[in-house]
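What follows is a pair of complexes built around subunit A, which joins subunit B in one and subunit C in the other.
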Partner chain A sequence: MTDAEIRALILELICDIAPEVDPASARDQDDLREIFDLDSMDFANLIVAIHDRTKIAIPEADYNKLFTLGGATAYVGEALARSAARAR
Partner chain B sequence: MRYPDDADRYATILKDPRSFVVSPNLADYEAARSAFSWEQARAALSGLPGGDGLNIAYEAVDRHARGPRANRVALRWIGKAGERRDYTYGELAISTNRFANALQSVGVKAGDSVFILLGRVPELYVGMLGALKLKCVVSPLFSAFGPEPIATRMEIGDARVLVTTEALYRRKVEALRERLPKLECVILIDAEEDSERTRSWRKLMQAAQEIFNIAPTDPRETALLHFTSGTTGRPKGVIHVHEAVVTHYATGRYALDLHDGDRFWCTADPGWVTGTSYGVIAPLTHGVTNIVVEAEFDAPSWYGVLAQERVTVWYTAPTAIRMMMKLGADAVKDYDLSALRFAASVGEPLNAEAVVWGVEAFGLPFHDNWWQTETGGIMIANFASMDIKPGSMGRPLPGVEAEILRRKANGGIETLGAGEEGELALKSGWPSMMRGYLHEEARYRKCFVGEWYLTGDLARYDSDGYFWFVGRADDVIKSSGHLIGPFEVESALMEHPAVAEAAVIGKPDPIAGEIVKAFVALKLGFEADELMRKDLLGHARKRLGAAVAPKEIEFRGNLPKTRSGKIMRRLLKARELGLPEGDLSTLESDER
Partner chain C sequence: MPALGADMEAGTLVEWLVKPGDRVKSGDVIAVVETQKGAIEVEVFAEGVVSDILIPVGERVPVGTVLAQIDGAGVAPPPVEPAIVAPKPALQALAEAPPRPTVAPQVSRRKITPAARRRAAALNLDLETILKGTGVEGSIRLADVEAGASVARPAPPLTRRGLDLSQMRQAIAAAMSRSKREIPHYYLAETVDLHLSLTWLEAFNADRPPIERILPAVLFLKAAALALREQSKLNGAYENGVFLPAAGIHVGWAIALRGGGLIAPAIRDTDKKTLAELMAAMRDLVERARRGNLRSSELTSPTITVTSVGDRGAESVTGVIYPPQVAIVGFGRVATRPWAVKGRVESRPLVTVTLAADHRVTDGHLGGLYLAAVARLLQEPEKL
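So, the complex of A and B:
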């Protein structure tokens, strides 16, 4: 997946949890919890949804790396690259 | 939630107070109880100079600012980006004086309602205490509320002033101003200039004097308005008076074991009663350093705060503790938490596993305690010196009399004994007892039978006098420690044009305790599909905000109702949980 695809996927999953938001308004440095009004339960559900769709494991200790849209995109991208490297 | 086996499954955590480095304020429970009187507790406070009564802000700020604690840090604020700002008691006295004067300069008077809709930023604390100095009625609102809960509460509370940010105002309040004709003054903490309908905090503060003398304050004057929810009807505005500070101080001393020189951190948001009583008032009345963290929960950053700030007393909540448990005790090992002396929890019963996990992770058990918005302060607690039975809420505070009662058909009550389940009741007369539900006298009176306040919580006590939570007597939902009224959520859903019926229950959740789940029946001609589910979810979230809106929505053709047309939430809940359906004699129309 390209970064753009990952970014779009994350926004799509957020829209499942918070359908009222406008994903186009998000900038990479924004805290997703703030701009999309996600509480801790919503955020945990987002992590589960990312895992379900990408199969990457996201340990609790890493949650704070996914607080921003840019951070989440990079984290998922790197995790996917690592698992692709292992598969090869 | 109920943990019936906790008493058997977990060994009592034994305490040896003589081995403590800091000797606990309450060393001997029985002795402290028999020696205690509220008059004496009141005498530990200063009172306004000249015997002019009792004002929360004076006890929290001015009396320290005039004494040897003037240069001690009262508030240490840690912002989202990790930035820090310190306010000494002396500085806090000046800024709260300025805000009291600023309010006065725009025509605000004693008795006016000042609502504060802010995250945990310094202006929240300055605003609250400054308004209390002017003897306004202060109502802090949770900034994650959506527009509807905000407007409802401001309507009920006759809001005259609102202190908020530019963004919160534009997103959540501006469009609803027509509903709030009494709202005359909106103060934006981050606006450079005044506008037609808003004022700049900065400009008001710049123009305000540094000296303010608190007018004589009758201890029975209203100080705070906190909102809570029942099963039916609108949220209830719980009235608390200045005298409540006596409870805040006494419980800070006994239940939280606050000592001079402590660095205290209460993780609750002041939009809920815990964050005001213990995130603002109790620590400041004790003259300790109060740590304020703006950011939302994140386990590693919380451990960082505990370590860097050398927090000595920590008051937090079950949802956060359970999230930390998921991360594991190992994650704590890298942090130096040697300063931490006492850890407490409130919001909902703390499960025994979590109490014990505290020992594994922090070397200290979590001390659960129990109280509610109506009681204004901690009523039942596990004390530092007392053995803990994991899963129990502990024993009543000195000055608090608790019983387990059963309401009788004739309107009377009967007192139950050890081991019997009934409604937890408290004998009237403690200083932070609510003095009313605003504009709802009948609803207020219904909480009392004679001298007993009935809490709506079902509980029992054991042969050692420890109280155990059993469940709620009504249908309110407790999610992440916050009470949510099903009616408020159902009303928002009913506003959607497709909805014919809605019923909301609390669905058990391992982290949040309960989550809000909605059952919805649609009007004819609407399709119950994924698109509709999302539309309803978005609709509810937009109105209510994430903290109150449902997390799950399920469609039904029809909801179960009684003959009188009342939706049977209990039946929906029993079916959701796979529990016995109970008495169905009043069921007229079942679900499809």
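So, the complex of A and C:
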């Protein structure tokens, strides 16, 4: 997956949780919880959804790396690259 | 028409899920009614065969109206503890609810973002009337829908599927005004060190996939429920001058709805459920509360309310009791602060737990014992 695809996927998953938001307004540096008003359960559900779609491991200790859209995109990208490297 | 809250006077029947001749049993969902709190699924507490549907779809009827006739075996008593006999709240001038727009889920084959689709449905706007999408590959974005709505024929008043926020606000206003008018609240607070709880939870979550992980709020909920076993006078209803203790502990879990509003459906037998079961129940309730799929019994059976503001809320929350309940427990945001441990200052995660309770039933002494029990239970998370 390219970064653009990962970014689009994350926004799509947020739309499932918060249907009324406009994903186009998100910037990479924005805290997803703030701009989309995600509470603790919403964010937990976002992690579940990212895990289900990408199969990457996201330990709880890493949650803070996924608070921003840019951070989440980079985190998923790196995790996918690591698992691809292991597969080879 | 069931009373789905202290403040409800009438409801609109929006869907029948059974027809004459159908066999029903206790717990079956037989109809959907629209209330100020959105669409609620009505369960039946009798067993038998539906012989007659008395109220047609679209009709608004007062609480207590017979909706359908069921012939057959005995009527099981509803599993709702104290029946709610609400004194008539000040009558709100309720406009006749506008007809629910028929929402076609697959409106168009054109590309459209989920937010735009839902907004269009909320506005009852035909997507074909939007000529131009400004998103990727001409897809329709939220902004296009908004623009379309302003030029298209005047849209009917906003009727988000099953939930009208101004009606929800009226329901909250009626219940909370009644609470503040009738219930002499007293308030207590206790700061609790969560070091042990959160350390235990971190280890619990570490080797589990995301879906099985548990939020700190689940520990709060369980501790609040277990402590009620020790102080049962906080668990029940105050009606017609007497306190009616509840047989079970069914915590109403306060859920903030996106866009505004609040609802606190019950998690039955909260004290008997495991942490995993409570997490699943909470996740399920949040989802159904937002979709408008709550059941009638979930709204009528809470015996106390617990609210937790989560990690982006305020440091403490002192609730307003939801009548006819007699207490509400609040958990603020977990904040890391200096805390004295064995004569030394350490950095610790702390939570402020509050209790607002009805002085007609209990006193601050008992309330203090309750908060002390919550604090003690949170020091032994492995036993929760």
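What we mean here is this: the second predicted complex is superposed on the first by the 88 of 88 C-alpha atoms of A that agree within 3 Å, B and C clash if a C-alpha of one lies under 4 Å from a C-alpha of the other, contacts with A are read in each partner's own complex, and residues count from 1 in each chain.
Just so it is clear, a contact is a pair of C-beta atoms (placed from the backbone, for glycine too) under 8 Å apart; a residue touches a chain by one contact, two chains touch by 3 or more.
Just so we're clear, the structure is a prediction, and the values are computed from it rather than from any experiment.
Engineer: Superposed on subunit A, are subunit B and subunit C clashing or fitting side by side?
Structural biologist: clash
Engineer: Is A:Ala24 contacted by the first partner subunit B, the second partner subunit C, both or neither?
Structural biologist: After superposition on chain A, A:Ala24 lies in contact with subunit C alone.
Engineer: Based on the superposed arrangement, let me know which partner A:Asn64 touches: subunit B (first), subunit C (second), both, or neither?
Structural biologist: The first partner, subunit B, only.
Engineer: Is A:Val48 contacted by the first partner subunit B, the second partner subunit C, both or neither?
Structural biologist: Touch partner of A:Val48: subunit C, not subunit B.
Engineer: Once chain A of both complexes is superposed, is A:Asp16 in touch with subunit B (first), subunit C (second), both, or neither?
Structural biologist: The answer is both, since A:Asp16 touches subunit B and subunit C.
Engineer: If you stack the two complexes on chain A, which partner ends up touching A:Asp3: first (subunit B), second (subunit C), both, or neither?
Structural biologist: Neither partner.
Engineer: Do subunit B and subunit C land on any of the same subunit A residues, and which?
Structural biologist: 15-16, 18-21, 33, 37, 39-41, 44-45, 60-61
Engineer: Within the complex, which stretch of subunit A touches subunit B?
Structural biologist: Its residues touching subunit B are 15-16, 18-21, 31, 33, 37-42, 44-45, 60-61, 63-64, 67.
Engineer: Mind pulling up the subunit C residues that touch subunit A in the complex?
Structural biologist: Where subunit C meets subunit A, its residues are 113-115, 118-119, 135, 141-143, 202, 205-206, 209-211, 213, 215-217, 256, 258-259, 282-283, 286, 310-312.
Engineer: List the residues on subunit B that touch subunit A in their complex, please.
Structural biologist: Residue positions touching the partner: 80, 144, 146, 296-301, 319, 323, 326-328, 331, 479-480, 509, 511-512, 515, 534-535, 537-539, 541-542, 545-547, 551.
Engineer: Which of the residues in subunit A come into contact with subunit C in the complex?
Structural biologist: So the residues of subunit A in touch with subunit C come to 12, 15-16, 18-24, 33-34, 37, 39-41, 44-45, 47-48, 51-52, 58-61.
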